[in-house]
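Below you'll find the structure, written out as C-alpha cells, and then a few comments.
Chain IDs A, B, C, D and E follow the sequence of writing; residue 1 opens each chain.
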Amino acid sequence: MNSPTEKLGAAERWTSEAMQRRVKQRYAAERRFKMFGMAAVGLSVAFLAFLLVNMATNGFSGFFRTEASVTVNFPASDVMVDPASLEGDDARSILSGAGLRGAIREAAVDTYGEAGEELFGGSAVNALTDMLVDDPDMLMREVDIMLPVTSEVDLAHKGDGSAAGEALAALAAERGTIDTKFNWTFLTASDATNPGEVGIWGALVGSFLTIIVTMLLAFPIGVLSAVYLEEFAPKNKWTDMVEVSINNLAAVPSIIFGLLGLAVFLNFMHLPRSAPLVGGLTLALMTMPVIVIAGRNAIKAVPPSIRDAALGVGASKMQVVFHHVLPLALPGILTGTIIGMARALGETAPLLLIGMRAFVSSPPTGIMSDATVLPMQIFLWSDEVDRGFVEKTSAAIIVLLLFMLAMNALAIYLRNRFEQRW
Amino acid sequence: MSLMLATIIILIAVGFAASFARSRVKGLRAGGARLNSLPNYHAAYVFLWGAVPALIFLLVWAPLQAMFVEQAVLATPEGMALPDTGFRPAVLAEAKALATGEISSAFNSDARALAPYFEAAIGRYSMIGAFIAFVVAGLGTFFSMRRVGVNFRARNGVERWVMGLLVIASMVAIFTTLGIVLSLLFETIRFFNLVNPIEFLFGLDWSPQLAIRADQAGSSGAFGSIPLFWGTVFIGAIIAMIVAIPLGLMSAIFLTQYAPARLRSWLKPILEILAGVPTVVYGYFAALTVAPAVRDFALAMGLSNASSESALAAGVVMGIMIIPFVSSMADDSIAAVPAAMNDGSLALGATQSETIKRVIFPAALPGIVGGILLAVSRAIGETMIVVMAAGLAANLTANPFDSVTTVTVQIVQLLTGDQEFDSAKTLAAFALGLVLFFITLVLNLYALRVVRKYREAYE
Amino acid sequence: MNDTNTTTQDASTAPATNGPPKMRAENVDVFYGDKQAIKGVSIDIFDDKVTAFIGPSGCGKSTFLRTLNRMNDTIPSARVTGHIELDGEDIHAAAMDVVQLRARVGMVFQKPNPFPKSIYENIAYGPRIHGLTTNKAEMDEVVEQSLRRAGLWDEVKDRLEESGTALSGGQQQRLCIARAIAVDPEVILMDEPCSALDPIATAKIEELIHELRGKYAIAIVTHNMQQAARVSQRTAFFHLGTLVEYGETGRIFTNPAKQRTQDYITGRYG
Amino acid sequence: STDSVSQLSVVGSSTVYPFTTAVAEQFENANEGVRVKVESTGTGSGMKLFCEGLGIDEHDAVNASRKMKISEFEDCQSNGVTDIVELTIGIDGLTLIQAQGEEQLNLTSQQVYEALAANPYGGEQTAQNWSDISPDLPNAPIRVLGPPPTSGTRDSFVELIMEVGCNANPAMAELEESNEDEYKTVCTKIREDEAFTEAGENDNLLVQKVSAEPGRIGILGYSFVEENLDKIQPVGLDGVVPTAETIGNLEYPAARLLYVYIKGQHVENKPALGQFVAAYKQAWQPGGMLGTRGLVALPEAQRAEADAAADGMTTLTAASFE
Amino acid sequence: MNDTNTTTQDASTAPATNGPPKMRAENVDVFYGDKQAIKGVSIDIFDDKVTAFIGPSGCGKSTFLRTLNRMNDTIPSARVTGHIELDGEDIHAAAMDVVQLRARVGMVFQKPNPFPKSIYENIAYGPRIHGLTTNKAEMDEVVEQSLRRAGLWDEVKDRLEESGTALSGGQQQRLCIARAIAVDPEVILMDEPCSALDPIATAKIEELIHELRGKYAIAIVTHNMQQAARVSQRTAFFHLGTLVEYGETGRIFTNPAKQRTQDYITGRYG
C-alpha cells in the first residue's frame, strides 16, 4: 500500500495533463465568481451614485434663483410709508398693506415695457419687503435693485421653461440685467404655494422639534430596557415576551405606528393633530426598539472580565452596570441611537396618518404648535402642480440627504473611534 | 393650592430631608464608623421614599380629582341643565380652562356660567389631594429617616428603586405592542361587522370605489384583499427580492471573502448609506426617474399598455433599498460560520470559491434565509416608495409592467383621501393594518428564530 | 462517604497551622442547572498559608474558588449547597452582605482585567465605592500603599494617569492584585493568575505571592504543578468535581496517597 | 394663551386645499403673528373633524368639494357647533384632457358613459375603440386615466358626467325610480380593464403622462388645465370646450361648486378668523388671486350671495338643506 | 549565527533517517505585518518519522506549521521568506500550485472542524474537488479506505449519512484525519490535535498517529510534553520564534543541550 512506487504514482497524478487542465478550469471558475462579487458591489455602489448624482443635478438649481434688475422710484410711487414707522416690530404688516406689488409692477413696466408686468411675482414683493425692513431710507429715493423673477421666468432662464417664460427671460436679458443668485430664501422661508417663495426652514424646525421629542423619550427608555434585559432580566416567560415584542417592534412596518399614533395619541388622548409632540411620540415608539437592540449588543460586547473585576472588589451588580458597563457600552449605544434617529428623521409614512400632511407656512413655535417635517415637505412638494416645485423638491432632498450623511458619518466615526477590541 | 404647587413643595421639602440624612451619615463616618452604604445612597433613599410615593399619589389623584370636580359641577343647577350629548364634554372642558385661567374667553356661552363652580370645586379637591400627598410624603420621609445609620443598607434600597425603573422601561415595548394590537383590533371588529371576514380575506375583488358614501353611487363595495396582498408580495417579495438577493448576497460574499480589509472598511459604510436614504427620497426617485424609464423600456419592447406606475419600477427601487439589509444579514451569517470551516476546506486544496459555494454558503444558508425573510417583511411593510410610485389599481396580474397596488398604499389612501369617516372604507384601513401586522409578526418571529437558532449552533 | 468522595487529609499537617481556619467549606456541592460541577468538597483555608488548587481542566477548580466569595451568584444557573464560613460566619447567611463579603474576600482572575481607566482610578475604585477614604489625601495614600505592596509602585509612580490597559500583561496582573489589596481584604483568591503571562512576569507574581503570604490568606488555582509546588504550602487536588486529596504541598508531590493524584502529577492526563 | 387665538386650523377637501393654502399664505404675510394650518384630509373626514366641537383646539373651518350634508350638519349641531357659515368660493370644472397638438376631441356625456361604464345600460361592455361607440369618433383604443375611488374628483366625475350620460337614456331614468340600487350599479360603476386606469392623486404626474402619450385621455380639475396648456388641451364635452368663461357661467356641464365652511362661534374669540374670511372674499372676486390659480369665479348673482354670507356671517339653518 | 538563533541539531540522529527529507525548511522567517513570529528556522521532516513541535504558547509553533502547506497565504498580513521544499521542489515556486500543495500536505486542526455535512460527504469533499474518482463506486471505496485508516470505519459505517458534527469530539477529530487522508497526502500536519479532547479520545488519536507513521510524514504541534514524548521520534523546541533545539525525542527530554529547553521541560514557564 505504501510502496515508494505507489507514492511516485500519486505524485504523478498531480502533474498529469488532465489534472493540469482541471486546475485551470477551477481557477477560471474562481476568477468568475470573484468577478460576480465585484460586479454586485459595483452595481450597488453605482445605484447609490446614480441616485445621489440624480438628486444633486436635479436639485442644485433649486438653491439658486433668477433675479432681474428694476428701478423703483419710491417718492414717485403709490407707496406711502413713513420710513420711521418701519423701525417697529410691525414693519412687515405695514409694508404688506403698502401696495409694493403695484409699485414693482409699475417699475417693471417702466423698465421692460408692457410685457414686463408679468416678470415679477410674490417673491419679488417678499424680497423688496426684506430690503425695506433692512434699510427703510430706500423709501426716500429712487433705487436700482435686483428682484427675483417669477418661477416661470426663473425656470426659463435656467433652461427648462415654457415659451412664455422664455420670451420674458429674453426680454429681461435684453432690456435690463438678469442674473442667477444664491437663493437664501430657500433656507430661511417656510412652505408657500408659489415655488419661488418656498423654503425649508419651517420644515427643518419641525423636524428638529420632532426629533428632540423622539430622542428624549426613546434614548432613556431604550437604554434602560437594554440594561434590564441584558443584565438583570431573569430567564422566564415574561422576559421572553418583552424580548419578542422588542424584536418584533423593530421590524413592524412604520405605517402601523402611524395607525397606533392615530388611534392612541389623536383619537384617545386627544393630543393636537400635526404637532411635533405627537410626531415625536410616534417616532419614539418606533425608534425605541432599535436603540434597545443596539444597546444590548453594545452591552453584550463589554467583556465579562470587566464585570468580574468590579464584582471582585465588592461592587454591587447595579454599580457594575452603571460605573463600568454602561460607560464602556456608550459609544456603541450612541452609534445605534444616531442611526435610529437618522431613520426617524427621514420617516414619512406614520406621520401621514397623524395630520402632518399639512400646509404650514410658518415655523412651529413649540412642540404643540402645527408643524410639518422635512420628508413630509418633500412628499407634499412632489405632489404640487407647479413645475417650479420639481427643482425645489430635489433641493429639499439634497438638504435631507446631507443631514442623513452627516449623521451616518458621525455614527461611523464613533464606531471606528471607540471600537474596542477586547 | 394647586397640585403643581404641592408637587414643588414636596420635592423641596424632601430634598432638604435627604441632604440632612446625607450630612448625618457623613458625621457618623467622620466618627470612625465603617458605613455599609455611602452617604449619597442614604440621601437618595430618603428622597425616593419621601417623594416618589407622594408623587405617584398625586399622579393618580389628578384624574380622580377631575372626575370628582366634574361630578360636583354637574350637580349644580346650571350643570344639570346641560344636554347630555357630545356637546357637554366640550363645554365642561372649556369651563375648566376658563376657571384655571388657561383661556380668557369661551367659545361656548354656557361655559362662562359654569366656570365659578369649577373654580370652587377645583380649589376644594386640590386642598384634599395636597393634604394627603403631604401626609404620604411625611410618612415616607419619617420612616426612611429612621432607618438611616451605619449598618443600614441604603444602597440595596436605592437599587431596588432603580430596578423598578428598569422594569418599567422594559415594559414600554409590551405596552406598545399591546397598543398596536388593541387599536387595530377594535376598528377591525367594527369593520367585520360591516364586511364578511371571509370575503375580506379571500375575496379576489378589491374595489371600494362603490362605497365611499352612503348617498353615493352603489353600495355593494368589494373588499376582497387578495389583490392587495398579491400586489404587496409581487412588489416586495418577488421583484424587490430578485434585485436585492443576488446583489446583496454577492456583495456580502465579496466583502467578507475577497475584499482587502481597507476596501471593505470603505465599501461597507457606503453600502449602508443605501439603507439610510429616506424612503420618501426613494419614492421620488422611483416616480420621477425610474418609472418613466421603465415605461419607455416597455414601449421600446413593444408592450403597448405599459403603465407608468408599474410594479417593476417600485419593486426595483425597493430592491435597491433592501440590498444593504440583505448583505448585512448575509454578512453576519457568513461571519458566524467558524473560520475553522474555511481553513478546513482550504487545507484540503479547495479554492476560495469552492469553499464558499460548497462549505460556507450551505453552512450559512439557514441564517441567510432568516435574513431574507426579515428583508421581505421589511419590504412588504414599506410605504412611501409604493405610495409615490406604485399604482392604485388592484390588479391580479403577474405582468411587471402593469400597475398593482399594495396594502400600505391602500391604508394611506383610505385614511387620507376623500371619504366619509365611519364607513367600512375607513375601517378597512385598520383591518388591512392588522393583517399586515400579523403577517410581518409571523415572518419576523419565524425569521428571528431561524437566525438565532442558527447562530447558537456555532457558539 | 462513597469511594469517589473519599478525600485524604493529612492529619500530619494540622498542627502546623495555628488557630482556626480563616475559611472553612463543608460538604459543598455546586450545580450548573442539572449538572453537578462540585461534589461534596470540604476544605479549610488558613490565614498564613498559600493553598493551591490543582487538577485537570474542567475538574471544578475555578468553580470551587468562586463559591468562596459567592462570585457564582452572578451565574444564573449556578446553585451552591453546603456550608461555607469566613471567620466562623456563614457567608450565605442573610446578615452577610455579599458586596462586603467580596470586599473581604478579594479575587484575581486568570486574564488580567484592569478597568479601562487610569492606574490611579483602577486602585481607587474599590475604596471609593466602599467609602473607605474621606478625602483625596487619604485616597492617594491608599493607592500608593496598595501599589507598593503589589510591587508595582516604582514602575508606575510617574504614570498614574495612564490607562491601566496600557501596562504589560504582568504589570496588569499586579495592578489587579493591587486593586484587590486596596479594599483591605482578608482573603485573596487567584484563578490561574499566571497562565496568560510570560515566564518573567510569572516569576514576579510568584515572588509577590511569597511576600503577601502572612498578610492575607491566599488560595490559588493553577494548572502548572511546578508552580503549585513553588508557591504553596498546602495543595488540593481536584478531579471530576471531587476533592481527591488535600494536604501539605511537599507530601502531595512526593508521596501522594491516591493513585489518581499520582497519575495526574506524572502527566498521565490533562 | 393669546398665541393660540391667532392660530387657525383648516381641514378638508384636497380639491379646495390649493385655494385655501394660497389665501392662507397671503393672509399670513399680511398679518404678522397669525398662523394658518391647512390640512388635506378629504371632505368627509374633514367634516367629521370640523364638527367635533367648539374650543381653542378645534378646527375653525373645513374645505369641501361638495355641499355639507344634513347628516353632517346634525352632527355639528349635537356637538354645539350651531353657527356654521357656508362660503361658496368658486367653481371648479371637471375636465377631460388630451395631449397638446392632437386634433381636439369632442365627446358627449353619453359617449363617455358608454365608453367607461362597466355595464353600459346594464349590458356588457364591449367597446374597445372610440369608433365602437360612434363612427364619428376616431378609430383609436379607449385609454383613460382617471382619479382613484378615494378622491373627490372621482365622485364629481361619476356625478357630473357618468350619471348625466346614463340618464340620457330614458330607460335608465325610469330605472332610477323603480330600482335605485340597480340604477346606481348600472350608471356609476366604471370598467376595470385597461381602458380605464386609475392614476394616483398626483395630478401633475397625470398631466405628464397624458402629454407623453397621444391618444390617452385624462380626467382632472380645471385648475390643472390652465397651468399646463402648453402640454395638454381640454376635450370638449357636450359641445362646450371648458374655459374660464364657459365654466364661470356654468355653461360647461361638468362644473362644480366648491365650499368653505366656517365656525361662526369661533369668530368672536378669534378675530383672525373673521379677517381670514374677509381675505377669502377678496380672493374670490373676479381677477382676484384665486382666479390666477385656476378657480373660476362665480356668476354675478351667486357671487353677491356669497359676498353677503361672508360679510354678514350668515349661518346655516336646517331649512337650508331642504 | 547569533546567540538566540543557534539551534542544536543532533548529528547523531541523522543516520537513523533513511534517504532525503520529505520536507525541508531553510532559514524561514515569518512576519505578521511588522512583527516577526518566526526567526530563521531550518528543519527537516522525514518520511517515516513523527516530528513534534513543542514550546510555550505564542512561540510560533502553529505559525511555522502553517507555512509548510502555505496556509499562511490566507492571512493577509502574513509574509514568509526563506526556502521550503517538498520532495526537493520549492513550494513557493511558480510551478507549484498551492491548491495541489495543500492536497499533498494535509492539515488537521486544534479543534475538530468537520463540515456540517454527512460523514460521507465530509470525506468525499476532497476527492471530489480534485476529481480523484470517476464514479460512485470508486468514491465509496475511497471513503471506506480513509475511514478505515483513521480507525473510524467500524464506529460509523452504519451512519454515513449522519452529520459529521453529530459525532463525539474524538470521533470528529478522527473524521478530520480521515478527511485529510482521503486526498492521499504525503505529509500530514497536526496542530494540537488533542488539546480539545478528553484523555480517552486523546489516547485513541495517539494510537492512530502510531499507526499512520510510516505511511505519511507527520508533524505534530503539542503543548503536552508527555504527549510529545509518547508519539514522536523527533522533537523541535521553539521559543520566542526561534528554534532552540531539534533532535531525537529521547535525547531532548533526557538530556537537552540548552538551558532553555531544560527550563521549559521542567516547568519553569508555560
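One rule holds for everything that comes next: a contact is a pair of C-beta atoms (placed from the backbone, for glycine too) under 8 Å apart; a residue touches a chain by one contact, two chains touch by 3 or more.
For each chain, UniProt lists the protein as follows: A = Phosphate transport system permease protein PstA; B = Phosphate transport system permease protein; C, E = Phosphate ABC transporter ATP-binding protein PstB.
It should be emphasised that the depicted structure is a prediction, and the values quoted were computed from it without experimental measurement.
Asker: Name, by label, each chain that touches both members of the pair chain C and chain E.
Answerer: Per touch definition, common to chain C and chain E: A, B.
Asker: Any chance you could name the chains that touch chain D and chain E both?
Answerer: A, B
Asker: Determine, using the mean of C-alpha atoms as each chain's centre, which chain is farthest from chain B.
Answerer: If we average the C-alpha coordinates per chain, E ends up farthest from chain B.
Asker: Quick check on this structure: which chain has its C-alpha centroid closest to the centroid of all protein C-alpha atoms?
Answerer: B
Asker: Out of every possible chain pairing, which has the most C-beta contacts?
Answerer: After counting contacts between each pair of chains, the winner is A-B.
Asker: Taking each chain's centre as its mean C-alpha position, how far apart are chain A and chain B in Å?
Answerer: 20
Asker: Quick check: how many Å separate the C-alpha centres of chain A and chain D?
Answerer: 34
Asker: Rounded to a whole Å, what is the gap between the Cα centroids of chain B and chain C?
Answerer: 49
Asker: So what's the Cα centroid distance for chain A and chain E, whole Å?
Answerer: Centre-to-centre distance between chain A and chain E: 58 Å.
Asker: Return the residues of chain B touching two or more other chains; collapse runs of consecutive numbers into ranges.
Answerer: In chain B, the residues touching two or more other chains are 155, 287, 351, 354, 388, 416.
Asker: When you check chain C against every other chain, which residues touch at least two of them?
Answerer: 99-100, 129
Asker: Got the chain A residues that touch at least 2 other chains?
Answerer: Touching at least two other chains: 26, 316-317, 357, 382.
Asker: Which of the residues in chain C come into contact with chain B in the complex?
Answerer: Interface residues on the chain C side: 97, 99-100, 129, 131-132, 134.
Asker: Write out the stretch or stretches of chain B touching chain A in their complex.
Answerer: So the residues of chain B touching chain A come out as 155-156, 159, 162-163, 165-167, 169-174, 176-177, 179-180, 183-184, 186-187, 246-251, 253-255, 257-259, 267, 269-274, 276-285, 287-289, 320, 323-324, 327, 351-354, 356-357, 374, 377-378, 380-384, 387-388, 408, 411-412, 415-416, 429-430, 433, 436-437, 440-441, 444-445, 448.
Asker: Where on chain B is chain C touching in the complex?
Answerer: Against chain C, chain B makes touches at 29-30, 34-39, 153, 155.
Asker: State the interface residues of chain D toward chain A in the complex, per the touch definition above.
Answerer: Within the complex, chain D contacts chain A at residues 3, 7, 9, 17-18, 20-22, 24-25, 28-32, 35-41, 49, 57, 201-204, 223-224, 227, 230, 293.
Asker: Within the complex, which stretch of chain A touches chain C?
Answerer: Residues 234-235, 303, 305-317, 319, 323-324, 328, 420.
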